[in-house]
Every structure is written in C-alpha cells, then in structure tokens.
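Just so it is clear, A, B and C label the chains in written order, and each chain counts residues from 1 on its own.
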Amino acid sequence: MSNLAAIPVKEIKKVVSPFPLDQWYVAGFSSELTDKPLGRTYLNQKVVLFRTGEGSVAALEDRCCHKSLPLSCGSVESGDLRCGYHGLKFNGEGQCIEIPGQERIPSKAKVRAYHVKERNHIIWIWMPKAEGGAPACEPPEYAHHDNPMYKWGSGCYHYDTPWQLIHDNLLDLSHLGYVHLKTIGGDARLHMNAPTTVTAEGNSVKVIRHMVGSNPPPTYKAAWIFGDTCDRWQEIEFVPSHLSIWTGAMEPGTGSIDDPNRGGFHLRGFHGITPESETSCHYFWSMCSNKHPQMPETIEKVLQQIEFTFNEDQGVIHDQWRNMQEFGERATWLDIHCDAGANRARRIIDQLVAQNAA
Amino acid sequence: MSNLAAIPVKEIKKVVSPFPLDQWYVAGFSSELTDKPLGRTYLNQKVVLFRTGEGSVAALEDRCCHKSLPLSCGSVESGDLRCGYHGLKFNGEGQCIEIPGQERIPSKAKVRAYHVKERNHIIWIWMPKAEGGAPACEPPEYAHHDNPMYKWGSGCYHYDTPWQLIHDNLLDLSHLGYVHLKTIGGDARLHMNAPTTVTAEGNSVKVIRHMVGSNPPPTYKAAWIFGDTCDRWQEIEFVPSHLSIWTGAMEPGTGSIDDPNRGGFHLRGFHGITPESETSCHYFWSMCSNKHPQMPETIEKVLQQIEFTFNEDQGVIHDQWRNMQEFGERATWLDIHCDAGANRARRIIDQLVAQNAA
Amino acid sequence: MSNLAAIPVKEIKKVVSPFPLDQWYVAGFSSELTDKPLGRTYLNQKVVLFRTGEGSVAALEDRCCHKSLPLSCGSVESGDLRCGYHGLKFNGEGQCIEIPGQERIPSKAKVRAYHVKERNHIIWIWMPKAEGGAPACEPPEYAHHDNPMYKWGSGCYHYDTPWQLIHDNLLDLSHLGYVHLKTIGGDARLHMNAPTTVTAEGNSVKVIRHMVGSNPPPTYKAAWIFGDTCDRWQEIEFVPSHLSIWTGAMEPGTGSIDDPNRGGFHLRGFHGITPESETSCHYFWSMCSNKHPQMPETIEKVLQQIEFTFNEDQGVIHDQWRNMQEFGERATWLDIHCDAGANRARRIIDQLVAQNAA
C-alpha cells in the first residue's frame, strides 16, 4: 500500500516507547502449558516455558547454546528440556546437564533463566532490569478466576501493533457504540455523554462510567434476561501489566449501582497485554461471568460474543497502527474528553521507563 | 529470491522518478463510489473519497485527527463522514463538525481536503504542489464514455511497479506479437516492421501505426466478423495522467484508414495510470467498443479478452520490475526503434517534475 | 515474531560469509532442463539456463539488455533464446542476434555468458572471480549416477538460510537420532558414542563413523531385508561444491565394514549446495540405492523415506536460522565433540574466500 510499510523496525523503534522492566508480565495461562515446551517472545526476549518435574513452570532463553536451535523445538523429559537437534539437555535453571556422547560439560554450557510464577491460573514472568534479577514482589492476584460464583474462558491474540494501542482501546469504552454495535455496544450518544470519573493512584488508573436507564445491548440479551432498560456499569482498572474490567448491568430498581456486592449480570474481563517487540504484543484475555438462574448457557454465550467483539477490536487497532505507520510524523493525535484515562496510563508507562533508564 | 527484494523502498526511491504535481490524476470511476467511503493512496498521499449530500464527490486525508484510524473505515451519514472508532464527524471540506460527548470543537479538529471532480464517469483528483492549491484547469474530457455509439466496461489494477513501466508498455504496442498472441496479438514481424509515426506536441505524445493487409487476431475474430485479412490501426495518445488508445480494423476496401470517422471494429481504451508510491500505482482502464450488426455480444467478448490481455501485461511488467530491482544499477536499458514514443513520454514527465522542483 | 526478521539483508551480510569464486557449483540436474529456459540465481547472480541447438547447455545473465525482462520468461527457438517482451533473440554466447524490426544490432546488445558443463547428469556452472573467466579444471565427477548397480532419484530444495548450515547438518549425522527417528534415525546414544574419524586433505573433509551391531532404522527395514541387528556405516566426503555421503548397512558377519566393495544395503547421497544469496541457497540432492534381490521396490521406498527425512532437516535448519537472526550477536555457538568435521569444512570455505579476496 505505502512505502512506510517497508521501513525497517529499527527506525520505528525511535518513535515508540520501550517497556518498563523489573515488572511482572503475563506469560500465558496455566492451561496453555501441558507436556510440550512453549516458545514466546516477551519484551524482545525469546523465552521457552516448560513444566519441571515438580509441576512448576520454568522459563529459559529459547536458544540451545550449541547450534542455536530454539529449545521450544525440543521435548520435555522428566521435567528437563532436551534440544531437538543434537540432544543437549537443560534443567529448569538453564544448566546443561547432558551432552550426548561427551563426558565433560563446559561451564558455559547454559542458557539464561527467568523467574516465573503461576497464580490464579495465570503464568507470570518477571522481566528484570539486569539479567538474573530476582522479583521484588509477588505477581498480581486475580481472584475472580478462583471465585466459584464465576465460570470463565480465556484466549490469546497476537497483535502486530504496539501494546499501548490496546491500553488506549480498553481504557476508553466509548468506542463500544461505534465499533461493537453487534455485541456489547449500545447507544453511542449515551456512552459518550455518560458521567465518567478517572482517578489515579500510584501506578494504577481507574475509569468508572455508570449508565443508568440504558438499553441492554445484544450480548447482554443473549446471555441474561433483561427488559427494555437496565442500569449498566463499566469499571476499568489499569496497572502496567494488565487491565481488570468489570462491566455488567442490573434490572432497574434491583440494587445500587455503587454497591461492590451488587447483583445482576457480571462480565469480569482480564486483559494481560505483554509486549513482544516495540511493534507487536500478546493479548491474553479471560472473561468471567455469573450464570443467570434461568439461562443454562450464560458463559458459552458470553464467550461467543466476546470473541466476535475482540476480533472487531483487533481489526480497528490494526488499521489504526498501519495508518500511523503510513502517515509517520503527520499522524498526530487530537485529545478529546474520553482520552483522560488512556493518557494517564501512558504517563505511568513513561515514568516507569524513565525510572528504568535512570 | 534475491537480496534486493529486501532493500527498503526508501533507498529505491532515489533511482526512480517522483511525480508531476499541479496535475489532475484519475482517482477512480464514478461507479466505484456508492454509499461507502473509499480509501486509496495517490502520489504517497492517503485519501478517502465519499459522496456528499449533493451527490458530488469529496476527498479528504484518510486519517481521523483524533486517533489516526483511516476515515475510510468509517461510514457516510447524510453526506458527511463519521469515524468508525469514536464517532468524530467530518464534512466534505475536512472540517470536524461533531465530537460526540464534547461541546467544543477545537479549530485544529480538521483534516486536509482535496479538489475532486467527476467528468465522463471518471473521478479526477487534483494533486497540488502546495497543500490546498486549487486546480488551474478543468480535468481532461473523455467523451467516448458518453458516446451512444459505444458500450463500455472498466476495471482497476493495482501494480507493485513504478507507474512509468505501464506507460512504456502502452506506448509501444509492438509487444503484442510476443505477449498477447492469444488475444490481440497478430503477426510479430508485421507489427515490428509496420511504419510508425511518433509526434509530440506540448505534454502529449502520439504514436500511430497502420497495418494494412494484416491478419485479424483472436479477439478481433471473437467480437466482430472478419475475413482472412483486415486493415488494422493503433493510434495512441499519451498525456501525463492517462493514455487514450484507439485500435481497430476494417475489412479491406471498406474505407480509408486515415478517415477519423472510419467504420469497422473499434476498441477505444482509456488507461489512467496514477502513482500510488514510487514503486506502485493504480491502473484504471475502460474499453469502449461498437457492436457488430450481426454480433449481439461484441462488448462482452471484448471485455473477456481484454481482461486476459491485461493480466498478461501485469505479469510481464511485474517480472520486469522485479528483475530491475534485483539487478539494480546493472539493469541498464538498450534503446531500439520502437522505444521512441515511450522515451518521449519519459522526457515529458521529467520536465514536469523539474518544473515542480524549480 | 521478532524485530530481526525485518533487518534488511544488507546488514546481515556483514556477519555471514561470502562465497568461494573460481569454483564449479551445481546449477541443476540434466533432467530439469528440457525445451524451456530455466531461471536461477547462483551466488547473487541471476542466470538463465537453456539447451542450445547442439543439445549442450548455455547459461546467460537472466536479463534482456533491452527492457530488463528476465530472459527466462522467454522461449527457446532452435537453440537460441528469444525475449518474451519485444522479441530480441540471443545465442548461447549471450550475443543478440536479432532485434525484430531493426536491421542494425548495436555491439552492446549482448548479455553476460557463463561456462557450464553437464557431467553424470549434473549441470555444473563455473562462477569466476572475474567476469568471463574460464574454468581452471573439469567439473567434479560423480560416477554413481552412471553405475548400473544403482537406481536413483533426485530433487531440489530452496532454503531461506545460509548454505553452510546445510554443510553443518550433513557433516554431523549424530542428529539422526534426534531429528530422524521415523526414518533413518536409530538409537541416539549409539550414534553419539560411535567412534568417529575426521580427516582432511586439501579442500576435502572426510567423516567416517561405523556402528557395528546397530539396530536397523525404519527406512532400512522398509527398503531392504534386515534382522534385529546390522553393521551400519556413514562415510561423508565434503568438497566446497557438494557432499558425497555413503551410508548403508550389512547383515552382521556378511563382510568387512572397511571393504570398499562391501555388499549390503547402499545409500549413495549426492548433496550439491549452491548459494543463492548470503541467506538463501539451492540444495540439489540425489539418492542412489541398490536393489535387494527379494525387494522389487527398494529405490521407490528409499525415495519416499528420504523426502520425508529431508523435509525434517529443512524444518530444523529453518528454525535454527530464524533463531540466529532473532538472537543476533547473542547467538554464539558452543563446540562439542561431533562438530569437528563441520568446523573443518568452515575453515576450508574461509580460506577459499580469503584467497579470492587476496
């Protein structure tokens, strides 16, 4: 289409942000890692994940120190990882523990290891500022995955766009009325004019929008029982590694929309956005929902609708990024009222990157 | 295949020509633009076309000033264009006339607009030297589209090659005997040895070749009734924005081949070549033909054959350009007799580009 | 996946080797060249091969000197090559011998010619240090193709990897026990611990490994009749243009594994690796096999199994190279015992390149 598509990524790097280090990032979901190694790139670092003998997860540099084959092309043998080319075997700390046909194992026969931890069915990886740096804290909690009130499903998208475009998208749900009319949209004007509060504390941003007397959009009607109107809420919390988005709606008059224990139809979205490179990222999502007493298939309906919705977002963000590349320096942005949350999140990332550099 | 395929386009730019500005270029055919916006890149400028309330055509920079989504991903609302991400609305002059949920519209909430005009079912766009520059003349006339003697069809190719390779191809029809033997070719030697006149006047070049006593090629026999021989003509006129090519043939003895009102089988080709970038272009073509009294489907046959023929050209020109890239500076050209028209057209483009630079 | 995929090849060139010149390289197999021209790139030089009137093979620069169309898009006419765009005709020495419609043929109407020779059903091309340089020797002999004891088949892979990664693969067959367990593998430990001798003489390297009392792998059982054990050999000879690999096995006790005229099941592999560019190559292979008296289809079985096996190699080497690109300077290699032959071959190539540069 345009010349800029051919600009080498190195030149693009200058205009997009690098990433906060000394942070936990989502590496994947527990269910993704079975008896085979799994290769993924996080923050420009190629990593192989595998389950060790004890059932815990190990993460190594995804490159055999012999001939550079990805270790993710190999196989897991009793909790160790064997290369698929000439059979070198590595343990969960990255130490080579066997060179077939050779007795002596040189001390440099090892690969870099990363700290990983599973919590609430999510695999977290610590991306240190200095190689080998240990985590400064526990990975984030996400208790909804273990709450018996909810059923949930999950998925993973690969985006060929910078990660922060997804933050922007998720921190401003006013796009629902334009992009997602077939599923979770609803009346565009009502979204755009609903009172919205944006608050920030430390490295977290909250965006809350309540739409009392709204019309239930198609997804809400497909997965729950609603009349003509509902009281709808969107409560978004951003931290650098992920967003937790609580949306839902109640029959009018069945409770207070400010009550943290309110009833009604709940959608609890987890959105782990992990940079792969400056211009690509992984988007790990899960969606929890409670079951309506008379709707046997609430969660199945929700997941069908969410998949459709997230595909729409991917289309928009891909088109947006391609256009940004094609317009280059001309692609300036005009701020409008609904950008407050996203802009605040961008400042947090900028500050963390500046702290890393300091 | 070769390394040069990976050379970034920026470096190739140095060795290929930029484009004449302050010129009309073909943006598309009227029939392409209905109720949806249409995004295309002309001369490295991304443009969205849409029909305004009055039915005329507007052309804007294809980028919302809010978050850079292409406006061509949006929708037309009563002659205005609404962005598909957060709903900003723009009129045909590029002025933002609505920001949903926000009363004040900042003065910088606008996008660049282009001058466009429809004439003879062709949409023309004026590509100014300076942003906002107004047309210095009317767009070219192409009256054959409105001549009741003719029926016609049209199409659009996207070429991943510099635009002037198509001028070269169309200004020297001696390739017909080598490339298009299955359709409009004919005897290669006869083409190559036919008397050809090349004349130039201002920014136009004419190449005329008459082949009296030629054999009708397959397309001519499929769409018209011919005996063993025919008197065949090729009359090509180049101007910077497009070529008009009148080819055809008469039964020998039924008229003078120099008569501008001569009868016989007419093929009136319109070839609008509009650069997309230094290394890609749009090729908008139409073909008019008159109907043989005893042949009900002349135009349908013509269009089938022409599509086959133009696909052959695209294959050749693509192979040629790939080879030029792979050989780089070694890909020098040897001039032969039939290159006179194409070389003259290249000098006209060079002069126009030099005038723009001056 | 990673940024490095987008690094232009020019920058990669600095870290990978150029090629020995004044050498014969495999251009293809005789059976590939029939009545049509064949375009291929050798050592960054685009070449077209075709059969001249005498049945011998000519090789020219694959670019018409008129408008740069690949001559391989043209056609062979009585042993000459006619361009497919405007019909210029070239003889086997690269001289233009016809410009249709033009009497005078300018002296510069010619393209570069290469020395080629067919021997043992292989087409060899001499890649000279200086343009036009004549061969200093005959192309290598490969008599097994003409030995009535053998039947054989051949094929050609295109690799998007540097050529020497294939040398590395073929000079160390210890990977068979990890990569090729479904065909020619066998017990990994036995391969890795078998006594191996590496010898070098001039520009040739020999790697010999004998595995007495081995288990016949699946391919051996599919194509020959074996009991539970066999005496297996692997004899590899590398020269810069190709490798000859003699593998096979005998029933234990039916002869000496050192006997050059030994019986049993023979696999004679020819592996011509010709660089296309610094990061891509052609891999021309053939496989000869003798027929077991009670097995009617030995060669057919062998070729099925070999194709499966070579596809596995291509997968591994592709993954290896992609990882090398992605890790860049971090992709250092650790030498282990089985790398001796491959490292010696790399030194020979380095020396030849240094001699060319001197």
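Going forward, a contact is a pair of C-beta atoms (placed from the backbone, for glycine too) under 8 Å apart; a residue touches a chain by one contact, two chains touch by 3 or more.
Here the structure is a predicted model, which is why all the values come from computation and not from measurement.
Undergrad: So how do the chains connect up here, line, ring, star, complete, or something else (other)?
TA: Complete.
Undergrad: For the two copies chain B and chain C, what is the rotation angle that overlays their Cα atoms, in steps of 5 degrees?
TA: Rotating chain B by 120 degrees superposes it on chain C.
Undergrad: Just give me the whole-number Å value for how far the CA centre of chain A lies from that of chain B.
TA: From the centre of chain A to the centre of chain B is 46 Å.
Undergrad: Can you list every residue of chain C that touches 2 or more other chains, as numbers and ranges?
TA: 8 - these are the residues of chain C that touch more than one other chain.
Undergrad: Could you list, by residue number, the parts of chain C that touch chain A in their complex?
TA: 1-3, 6-8, 168, 172, 174-175, 177-179, 188-189, 191-193, 316, 319-320, 323-324, 326-327, 330-334, 336-338
Undergrad: Touching residues of chain C toward chain B in the complex: what are they?
TA: Contact set of chain C toward chain B: 8-10, 13, 41, 44, 46, 62-63, 65-70, 73, 82-88, 99-102, 106, 108-109, 276-280.
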